[in-house]
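Shared between the two complexes below is chain A, which pairs with chain B and chain C, respectively.
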Partner chain A sequence: MGELNMPLLSIAQLSLSYENHVVLNQVNLELHNGEVVAVLGSNGAGKSSLLKCILGLADTSANIQGDVRIADSSVFHQPHLARAHLAYVPEQPAVYGHLSAIENIRYFLSLDNNPERAEISDCLSQAGLPERAWHDPCQTYSKGMKQKVMLALALAKQAKLLLLDEPNSGLDPQATEELNQLILQCKSSGMGVLVVTHDVLSAMAFSDRLTMLASGRLQPVSIAQSSLTLDNLKRLYQGQA
Partner chain B sequence: MKQELTHLLKQRSILLLLCISLLLTWLSLHNGWQNIHHIREQISHAQLEADLRHQSQQADYASRAQIDAGEIGYYLFHNVYQHPTEWSFLALGNRLVTPYVQRIRLLGLQGQLYDGESHHPEYVMLGSFDYAFWLVFFTPLICIALLHDLKASEFQAQRLVFLNSLIANPKVFWARRVLLRWVLILLSLIIPLVFFAIAQSLSLKPLITVIAITALYTLFWVVICLFISLRKQAMNASLNAMLLASIWLVLCVALPNLAQLWLHQQYPIQDGSQIALQHRQLVHNAWDQPKTDTLNPFYVHYPQWQDTPAVTGRFHWKWYYAFQHMADVQLQAQVTDREQTLALRDQTTKKLGLVLPSLWVQHSLENIAQSNVTHLLTHRRRITDFHTQLRHFLYPYLFEEKAMTVNDLVNMPTFENQASAPVHP
Partner chain C sequence: MKSSPVMLMMYNEWRRLWHARIPVLLLLVLIVLWAISAIAAHHHWQDHARTVTQVTERSLHDWESQPDRHPHRVSHYGDFVARPIHPLSVIEPGILDQSGHLVYLEGHRLNSANFNPATEATSAGRFPIITPAMIVQWWMPLFLIMIGYATITGEKIGGTLAFMRGNGMPAWKIATGKWLALFIPLAILLLAQALLVLFWIWGSEQALVRLSTMLLGQSLYIAGWCLLVVAISWSNQQLHSGLLALLLCWVCVCIIFPRGLANVSQIMHPTQPRTEAEYHAEIKLKAIGDSHNPDDPHFATFKSNLLKAHGVDRIEDLPLNYNGLLMQEGERLTTVVYREQQALHEQQLAKQNATIRQWLWLSPALALQYLQMASSGSDLTHHLAFIRQAEDRRYRLIQYLNQIHTHQVQRHDDKNTRVSADFWKKAPRPTISLAALDVSQTAIITSIAVLLAWILLPLLLLSRIMHRT
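So, the complex of A and B:
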């Protein structure tokens, strides 16, 4: 019973600073299976630093305190174990242009020495990539299609936690909608999803919880659709919500 | 590894680069082979000509009751050949600037030896496109092209963090990438080499040594590329390429040339043509000197001929050959000094090779190809020994004025048989 309640992602008192510059200040966050949490924040708020900490790839010159655990494995002490549970989708889809979708996924899966844990073609179908494009070089893909390849990788990897960095940037409304649906699909399959974004509208569409990273602190925010005005958003991003 | 290989070979630029490497390796071997083939053809042609000439001369001598040993010494030329070995095509080295066929007779040796020295300026400046040249100067550029952006390309494609989030062990990941690139570069060099060796039925041991040298040299460059392209700040591919190109320029062009300049200053040698000129002047002067000025010093060297019949008349072969030889004797110190200096240069180059891999590879391949200074000097010593044998054969007929018939020519030393029984003066 205790294991069921155990958070998939647990960030406890996480602080990150460079000499005198504090980037993250005692950040706390818990994310459970089947939950989608959005981290909002303005440019330079520390969203990418937070993601790097969760990935266990924070700059070694930084001063880090606190702990980040994924499925009860510390990313600082057991990084390989912790990372085995997560899939990361960067802002710019990291596919190799000269490889096809299938080859990309096959290659990425080979990197952590894990055998293919789910049928790649099933994952690509699930991610919504048209079958006719599976064997084409990814350099011919749109950004939305590349995002789908990355999500298919997450599915193939059977990751428990999905980290998305600005997933909607550069996508047209239709691709954004498709992506939002995919995120909800991942959520319904029991995957925990952490989305770092500054797109409040999309975040509201797929998130169970919204959090705001401002001045190094992560705080829960609650926004009603009706109160979304430019002034309110400005105040929100300045940490005055 | 299979996935990494697929990933690598699907990149057209890498595939193209490897194909170019394969093609240029083949061309370098082919060009070297063509040069050696040309040398072999020239030698065969010269041998054929020499055989015909000897047959004609033999027929002429057979028609005479008695032969003049002086005429034999003067008119009978002996071809000496610097035969290429089976692996000479690897590094043409000195073969392009030293004669591979020389005609030697009983006259002063140094004049004949150095008269044939042909330093073709174009060859000296450019060298030849053989395997050694290709390996030493251009394969580092292939290594640089394939390895300069290992990390930077991933960083610039904003993929590095993502990859790090996937990689179980970064050291294994990068080692695998580097190893695969090195193996592919190596294969692009070795495949044509092995194919050549099989096609020409060449011996195995030198092939293994050449492969080992190739592997070590490319590994050296791979390690340098690794240091530059995997360092922490290596996120700019252009900067990495510039740094590596600078290192290439220093290690393959600047330092070897500076080393050569230093060697030429440290161990200066007299130009061979100067020795030939001096020899000619000594011989010309001897015509105008009293015969005793030539013969007395000669008899100091060869006392066994002192009590032979005296030289009479305006011209006598024994006087003629004595002043030819005495010109050699007078130049001996210079020749020895030149050869010792050349050997010293060679030894120093070998030592410099311990710190300059490009020099080490060049020297090692020239050694296998037997086209380096050591083999050139060995060849010169063989010619000197042959000339000494020739003198020792003809001197009794000349100085004791022994009658000579065509049957005596059977015992005439030949250059090809001389190597097994060297004679020192």
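So, the complex of A and C:
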């Protein structure tokens, strides 16, 4: 019963500051299995810092308080245990151009000492990468295709929590739509997904909850599709919604 | 068999470099350059060795073929000695080309080669000859920079560093994998060179210890460069800034500091040119005693003491040839003065080297050069040890001839006397041997300490910046 209710990701009273600058101020967030949460925020709002804290890679010169737990393991105190449940997809798809999709996935899984829990080809199919491209060097791929490789890696790793940093940036509408569908697939497979994004429309399409990071604080937001006007979005990003 | 993440990282870096083509091309050029230098150095060494052998044999033959003659003529006929060269000097000929390897020994002269070691001991003066030692000292780091400057910056730009770090790959494993990927191919080259050289030097004096010392120094030096490449690549966000930073390090470590240190030490402790040293020696000699001057106080005292010792009043009544005794005393005085001059010269050289050693930490390239020269027996200390042996041989030989002059030649018929050639064959001509490695102990210890510090410096830098993605 306890395990069922236990959040997959739990951020409690997380504050991060430099000498004269507060980046995150008592941030709280819980994310459960099969849930997609989007974190919105303007440039410089602290979205990347929040992601770095979740990854346990916050700048060591910063003053950090609070805790981040993934599947009940503290990122700060048991980073290896916590990261074992995590798959992270950076804004720029991080694949080696000289390796093929299959080689990239196999390499990253081996680096992480991860056994191939799922068939890589299944994961690539699931991620929607055309089979004819599987053995081509990734330097010939589009950004959308590289995103799919990263997502296939997350699927192959069978991570419980998927962190996506600006997944839609630089994608055309078709690729954005495909990616949104993939995120929903992950959700339906029971994965928890945290997406940091600027793209409110996409976030509304795949998220169960929207949150806004403004002035160092993370607050839930609720927007109706019908009220999505430019002025409303500006107000939202200024934390006035 | 499952590979560790560090090894996987290393293999992947090799694949990346292979795929990029240019690094492979650079490595091939380096190998070709090394091969050319090895052939050129071997040819150069053979030239030296051939000259040494020919001159030694010819000198012995000429010496022993001398006819019956006056011993003083023999002392000016002279004798050549060749500086023994270690076969390892095929890698690093050191100051051999500046100091020469043959010395002409004759009466009343100290014919040591006059040179300026602190200046010549640094690389910049040796551009024309490419040696395998120079490949390791200069070209290997330069090629390494061109091959590896993007090793981490490229991962940063491609996002793979952040990805790996975000997915739990410890920074030290990434750095170690990258370091191994750069170091292992170069270490294999160094090892291959050492193995080839081992066959070449097998059976020579202290072959293993000399080669091991050289290999240790080269490995530390290249390991340090690989660490520096990884550290600077990690600390930069852009490829060109990392490349420029590394090139700046190379220019400072390999060109500016060694040349600058040599010049500064020469300015601080100048050595006298040969003609000036000889001029000062002549002045000193005249002040001590002039055997050609009948009124010279030293030789007047020498003569009166001699007469008193033999209980006679005239030199004609002496049972020995006074001219021979005069030659002996003259040679003794000349030698004292010339050795003093040589000691002053060596003192200045020692001061120059001490100044360089004091600042050696600025340039691990220079530290490696000192170590390579010491290992191959071609550094200043080995050269001075040779000069001392040669001078000792000269003095013993000349005084032997003066003894013959004193005992075998009658004074009244001095100029017309010919002494049997058998005496030249029995003359003391001790073999000159290569000094043991111990003579360069200070240079070796200092260089190894500098090279160890050279490893620590980029390690510290790396430990400070590794947490940055």
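Definition applied: the second predicted complex is superposed on the first by the 241 of 241 C-alpha atoms of A that agree within 3 Å, B and C clash if a C-alpha of one lies under 4 Å from a C-alpha of the other, contacts with A are read in each partner's own complex, and residues count from 1 in each chain.
Keep in mind that, in the parts below, a contact is a pair of C-beta atoms (placed from the backbone, for glycine too) under 8 Å apart; a residue touches a chain by one contact, two chains touch by 3 or more.
Keep in mind that what you see is a predicted model, and the values were worked out from it rather than measured.
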| request: Following the overlay on chain A, give me a clash-or-fit verdict for chain B and chain C. | output: clash
| task | Could you say whether A:108 touches chain B, chain C, both of them, or neither, answering first, second, both or neither? | result | both
| Which of the two, chain B or chain C, is in touch with more residues of chain A? | C
| Just chain B (first), just chain C (second), both, or neither: which does A:90 touch? | both
| message | I'd like to know which partner A:201 touches here: chain B for first, chain C for second, both or neither. | response | neither
| task | Examine A:57 and indicate which partner it touches, taking first as chain B and second as chain C; both and neither are also allowed. | result | both
| query | Of the stretches 129-137, 273-281, 309-317 or 327-335, which one of chain C hits chain B? | reply | 129-137
| task | Check chain A for residues that touch chain B in one structure and chain C in the other, and list them. | result | 55, 57, 80, 83, 86, 88, 90-92, 94, 96, 98-99, 107-108, 110-113
| query | Tell me, which parts of chain B touch chain A in their complex? | reply | 3-4, 6-7, 10-12, 157-159, 161-169, 173
| request: Over in the complex, which chain C residues touch chain A? Could you list them? | output: 2-3, 5, 8-9, 12, 15-16, 19-20, 158-160, 162-169, 467-469
| query | Which residues of chain A touch chain C in their complex? | reply | 55, 57, 59-60, 79-80, 83-84, 86-99, 107-108, 110-113, 137, 150, 163
| field | Parts of chain A lying in touch with chain B, wherever the complex brings them together | value | 52, 55, 57, 80, 83, 86, 88, 90-92, 94, 96, 98-99, 103, 106-108, 110-113
